[in-house]
Amino acid sequence: MFNQRSLNGSAGRRKWRYAIAAGAVTAALALTSCSAGGAPEESDTGELSGDLVFWSSFTQGPRAEYMEKMADKFTAEHPKVNISIETFSWGEFETKWTTGLASGQVPDISTALPNQVVEMINVDALEPVDDIIDDIGRDRFSAAALKEGQKDGKSYSVPVYSHAQVMWYRKDLLAAKGLDVPTTWDEFKDAAIALNDPPTTYGASVPFGTNDLMGTRYLNFYVQSAGGSLIDDKGRADLTSKAAIDGINYWVDLYKATSPEGSINYNVLDQATLFYQGKTAFDFNSGFHISGVASASPDLLDDIAAAPLPRLKSGDPVYGGETSNIPLVVWGNSDNKRAAKVFVESLYNDADYIEFIHSVPGGMLPALSDIADDPAYQDNDILKQFADSVSVIEDVIPLGSAIGMESGPTVQSGIITSQAVIEHMFQDIILNGTPVKDAAKSAQDKLNQLFVASGVSFK
Amino acid sequence: MTKARVSIRRFTLPYTFLTALAITAAFPLLWIVISSLKSAPELAHDPLSFWPSAPTLEHYRHVLFDLGALGNLGNSLLISLSTTALTIAASTTAAYGIVRFYPKVGQRLTQLLISTYMFPPILLAVPYTVIMISLGLANTYVGLVLAYLSFSIPYAIWMLTAFYQTVPIEIEEAAYVDGAGQFRTFLSIASPIVLPGIVATAIYTFINSFNEFLYALLFINSSDRMPISVALYSLSGSEVLDWGAMMAASVVVVLPSVVFFLAIQRHIAAGLSEGSVK
Amino acid sequence: MKVRMQRSARIWFVLPAMLIVLALLVYPVLSSIYFSFTNRNLLRTAYEFVSFQNFSFVLSNPEFWNAFTNSIKWTVGSVLGQLLIGFFAALALEKVPRLSGLYRTLLIIPWAFPAIVIGFSWRWILNDVYGFLPNLLTQLGFSESNVSFLSSPDVVFWIVIGINIWFGAPLFMVNILAALKTVPRDQQEAALVDGANMAQRFWFITLPHIKKVIGLLLILRTIWVFNNFELLFLITGGGPAGLTTTLPIYAYRTGWGLHQLGMASAVTVLLLVFLLAVAAVAFRVINRWERIQAR
C-alpha cells in the first residue's frame, strides 16, 4: 500500500506547514473587523455618554432615514453618545432577539411587536419606561395601547405608531353596479358576490395560508363584531362559541363564493398583491394599503377607500377588529439606560415626530392623540386625499387591540397568531370536508395544548 | 452526407433533452430579470406580457443605492470567497491525507463528520452564538467564516475523498521516483487530476456561503456588515410589499453565483486525466 | 527519526480541517442532545430535567407520524428525481460535441437560488391569479381556468417535489460530470478495442468510477432534503391541510416557534437517530463497494 511506503522530501513538507500557518494568520487578520467598543460607566447625572445600539424594524427608505437623522441630531446635542441603528425586518428581529437573549446579545433600544413585548416582559428582559411615558405625557397615549405593554402596574413599552384593520373597497366597481358600501357581513357577502367576475376581478379573496396569520385575522374580525374574543376570559382558546362557529362558516362560504381557489394557501404577500393589482373588489388591511396601491397601480389610487369593518347586524356600533400598536422598548440588559431613555424621549418632539409619521402617510398613525389634530400633521397630500379613509382608521384604533389581547397582554396571543392552527383548521374544512364543529373543537384543543406547553395556567 | 445525418440523429436526443432542461432551469431567472426591468404598474398588470414595454433600472437603483445593497454585496463576496478558498485549502489536503495515509481511520472519521449535516441549523444557532461571543468573534467576519467552514469542510472532505480515490497510485509513485516530495505530489500530480471535483466542491461551497442567511443574521450585528442574503430577507418582510424591488434584489443575489460558476465551469469539463494517465 | 517526522507531516494534512470542524461542532451537538431531555425554554435560563417526556409526547402525536410519512415521500421523490435528471444531464453533456459549455451554464442556474428567492419567485410564477404559468396554460387552451398549483391537493406535492428537483439536480449533474472526467480514457479505448458495446463500457468501466461519488451525493442530499425547512415553508407553509408538512416544519411548529428548545431538540434528536440509521446502511453499501474495488 502506498501509505506504508517511505517517502522523500521532508523539506517540502515543512515549507508547506509554514505556508498553511502563515496563510491562516493572514486570512484571520484580513477578515477581523473590530467589534463594538467597551461599555461605558453609568451615572445618574452629568453628561450622557457611551454607546447605544438600537434595533429598528423600520425598514422602508424614509422611515429608516428618519431614524438615522434623529440619531445624528441626538449625537449633536450629546457628543459623547454614539448611537448605532441596525435595521432588521420583523421576521429577522424575532430570530435575532430570541437567540440574542439566550446568548446574551440584545440591544439597548428596539422596536417590538405587542406579542413580543409580552414575552419579553415575562422573562424580565425589559426596563420599565413609566418615566418616559410621564415625561411625554401619559394622557396623550391611548390607554389601550399602553395596556398592551403593562404588567403589575408598570409600563414596559412606549407606543410609537398605530394602525388598524379596516375594509378597503373599490369605489368604481361598487358604483358600476350601483351598490352601497356594505356595513354588515351579510351586505358584504352580497356585494362581494355581485362584484365577483373572475378571472378579471374577484369579489374578495379569503386567505388561509399556513405560513401567515391571515385566517386567524379574518376569523377574529367576525368574532369581534359579535362582541366575542378568540381567547376567553379564563385565557383559553375559544373557537366553539356561536360567534366563532358562525365566523368559520361565513369565511368558508365566502371562500367558495368569491375567492380565487389558490387563496387557501395565500400569505399576506399574495393577498395584498391581488388588491394592489386591482384583482379584488374588497380587501381587509390597514392604511399601509395606500402606499402599496400607490406604487403598484397609481391609476387605481382615486378608486380606493376604506370603511369600518362590517358589523354583525345593521345598527351595531363600529368596533375595533384588530389594532396594531407598535412600541419602542428599552432592554433591561442595557448598561446605558439613562441615555437610552433620553434618546427614546427625543423621538417624540412634536415637529420631529410628525416628520416620522409622515414617512408612511396613512399607514403609520400617531400614537399621540393630540398630534392627529395638529395642522402640521394634517398638511400632507396623501393624508388630505385620503382624509375620510384615514379618519375611519383613526376612529377604530382606540377600540381594538392585537388579536387575543382584549383583556390585556397574553402569551396566548402570540401562539394563536404564529402556530397556524386556525389556518390549518380552515384548510382541513375546505379540502377534507371535516365538519366545522369537529374541526373547530380539535383546533381549540390543539391551541389549549400549546398554551399549556408554553407555561400558561388558565384562570 | 450519410455520416453527417447519422451524427445529427445521434445527437438529437441529447440536444432535445438538454434544451428542455435548460429552458426549465433558466426560466425563473429569466422571468425575474424581465420582471425586475418592468415599472411597478406594468408589473402589476397583464401577467402574460413578456418584454418590458419601457425597461427601467429604477428597482436596481433603489435596491443597490437607497437600500445599500451594494455594500452588502461586497461583504458577501468577501465572506464567500474567503470561505471557499479556506475550505478548498483545508479539505483537499485532508481528503488527500485520508486517502493516502489514513484510509481506515479516515473512513470512519469522515462518516462521523457527516453527522454534522443531520442537525438543523436553527438548533445549532444558540450554542454557536454562545461560542462566537466567548471567543470574541461575534460581529466579525472571522467568526462567520469559521462557522461556514465547520459546515463546508465536512462536505468538501467527503466529496474530495471520493475523487482522490480515483487517482491511480502508479502516477504518484512515478513522481516520487522523480524526486517529488509529499506535498508537491499532492499539489502538482494528484490535485490536477481531480480538478473537476475540486471545482464542483468549490461551486458548492461558494453558493452555500453566499446564500447562507441564518448565521449571518445572528452573528453580525451591524447592518452595514451584513451579507446580501440578509438584506434580501428584510425586503420581503415589510408592511408594504414591493415586488419590483424584490425581483431586482433577487437578481442581485443570484447573479454573482452564476458569474462565479461561469468563471470556473470550464475546469469541470477539462479533466486532466487523459493527459496524465498514460 | 526520519520516520517520526514523516508521521507528523502526515498528520498535518488532516489536522487543520478536523480541528475546525470538531472545535465548532462538538459543543453545539452535545448541548442539543442534552436539552432534548429538559424543558428548556429558549428565553429562560432556568430549566428542569423531564427525562423522556419530550420524546413520548412527540412519538405519541399522530401529527408527528403524518409529518414523518410526508418527509419520507418528499425526500425519496426529490432525491431520486434530482439524481435521475442530474445523471442524464451529465451523460448528455458528455456526449454532445458542441455548446456543452452553454448548456452547463444554463443548467446550473437553479442552484444559485437562495431558498427565499425560490420561494417567492415560484409563488410569483405559479400564483393562480397573477402568475405567468397558469395564465399561459389557460391562454394556450391547456386548462379552462387557471390551475392552482400550490393549493390543489392533487398536484401540490408533485409541484413542490418538482421545484426541489429543479433546484437540486444541478448539484448531481456537476459532480457526476466531474466524476466522469476521472474515468481514464485509455480504459475506455481498450474496451472499445476489445469489442465492448456502449452498455458494457458504461457498466464495467464508467460506473465503477463514478458510483462512489453518486453514493456519497445520495447520502448527503438525503440528509439535506430530509432536514430542509425553508424551502417548503416558504413555498407552501406546510399546507394545504398539512399535505406538505414535513418533520422540520413539525419541529418548528411544536418547538421552535414556541421557543420550546427542549421539545425542538427532541424532534431533532429523533431526526438524527433516523438519519444515522439510514446513513449506517448506506455506509455499509459504500464500504462494500470499496472492498470489491480494492480486490
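Order as written gives the chain letters A, B and C; numbering starts at 1 within each chain.
Definition applied: a contact is a pair of C-beta atoms (placed from the backbone, for glycine too) under 8 Å apart; a residue touches a chain by one contact, two chains touch by 3 or more.
The shown structure was predicted, so the numbers you read here are calculated from the model rather than taken from an experiment.
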What topology does the chain contact graph adopt: line, ring, star, complete, or other? complete
When A-B and B-C are ranked by contacting C-beta pairs, first place goes to B-C
Geometric centre distance via CA averages, chain C-chain A, whole Å: 34
Could you please state the distance in Å, as a whole number, between where the Cα atoms of chain A are centred and where those of chain B are centred? 34
What whole-number Å value describes the gap between the mean CA coordinates of chain B and chain C? 15
Where in chain B do residues touch at least two different other chains? 93, 101-102, 126, 182, 233, 236, 243
If I count partner chains per residue in chain A, which residues reach a count of at least 2? 7, 10, 13, 16, 20, 24, 99, 102, 269, 273, 277
Sequence positions of chain C contacting 2 or more other chains: 6, 9, 12, 16, 42, 120, 130, 261
In their shared complex, at which residues does chain C touch chain A? 2-3, 5-6, 9, 12, 16, 41-44, 120, 123, 127-130, 138, 145-146, 148-153, 156, 233-234, 236-242, 253, 257-261, 263
In the complex with chain B, residue positions of chain C that touch it: 6, 9-10, 12-14, 16-18, 20-21, 23-25, 27-29, 31-32, 42, 85, 88-89, 91-93, 95-97, 100-101, 103-117, 120-122, 124-125, 130-132, 135-136, 139, 166, 170-171, 174-175, 177-186, 209, 212-213, 216-217, 219-220, 223-224, 227, 229, 248, 251-252, 256, 261, 264-265, 268, 271-272, 275-276, 279, 283, 287
Within the complex, chain C is touched by chain A residues 6-7, 10, 13-14, 16-17, 20, 24, 98-99, 101-102, 119, 122-123, 125, 198-199, 202, 208-212, 260-265, 267, 269-270, 273-274, 277, 279, 415, 418-420, 423-424, 427-428, 430-432, 450, 453-455
If we count contacts the way the header does, which residues on chain B are in touch with chain C in the complex? 11, 14-15, 17-18, 21-22, 24-26, 28-29, 31-32, 35, 47-48, 90-91, 93-94, 96-98, 101-102, 106-107, 109, 111, 113-120, 122-124, 126-128, 131, 146-147, 149-150, 153-155, 157-159, 162-163, 165-168, 182, 186, 193-194, 196-197, 199-200, 203-204, 207, 211, 213, 229, 232-233, 236, 243, 246, 250, 253-255, 257-258, 261-262, 265-266, 268-271, 273-274, 277-278
Residue ranges of chain A touching chain B (in the complex, touch as defined): 1-3, 5, 7-13, 15-16, 20, 23-24, 27-28, 30-33, 35-36, 53, 59-61, 84-92, 95-96, 99-100, 102-105, 269, 272-273, 276-278, 286, 288, 291-292, 295-299, 360, 363
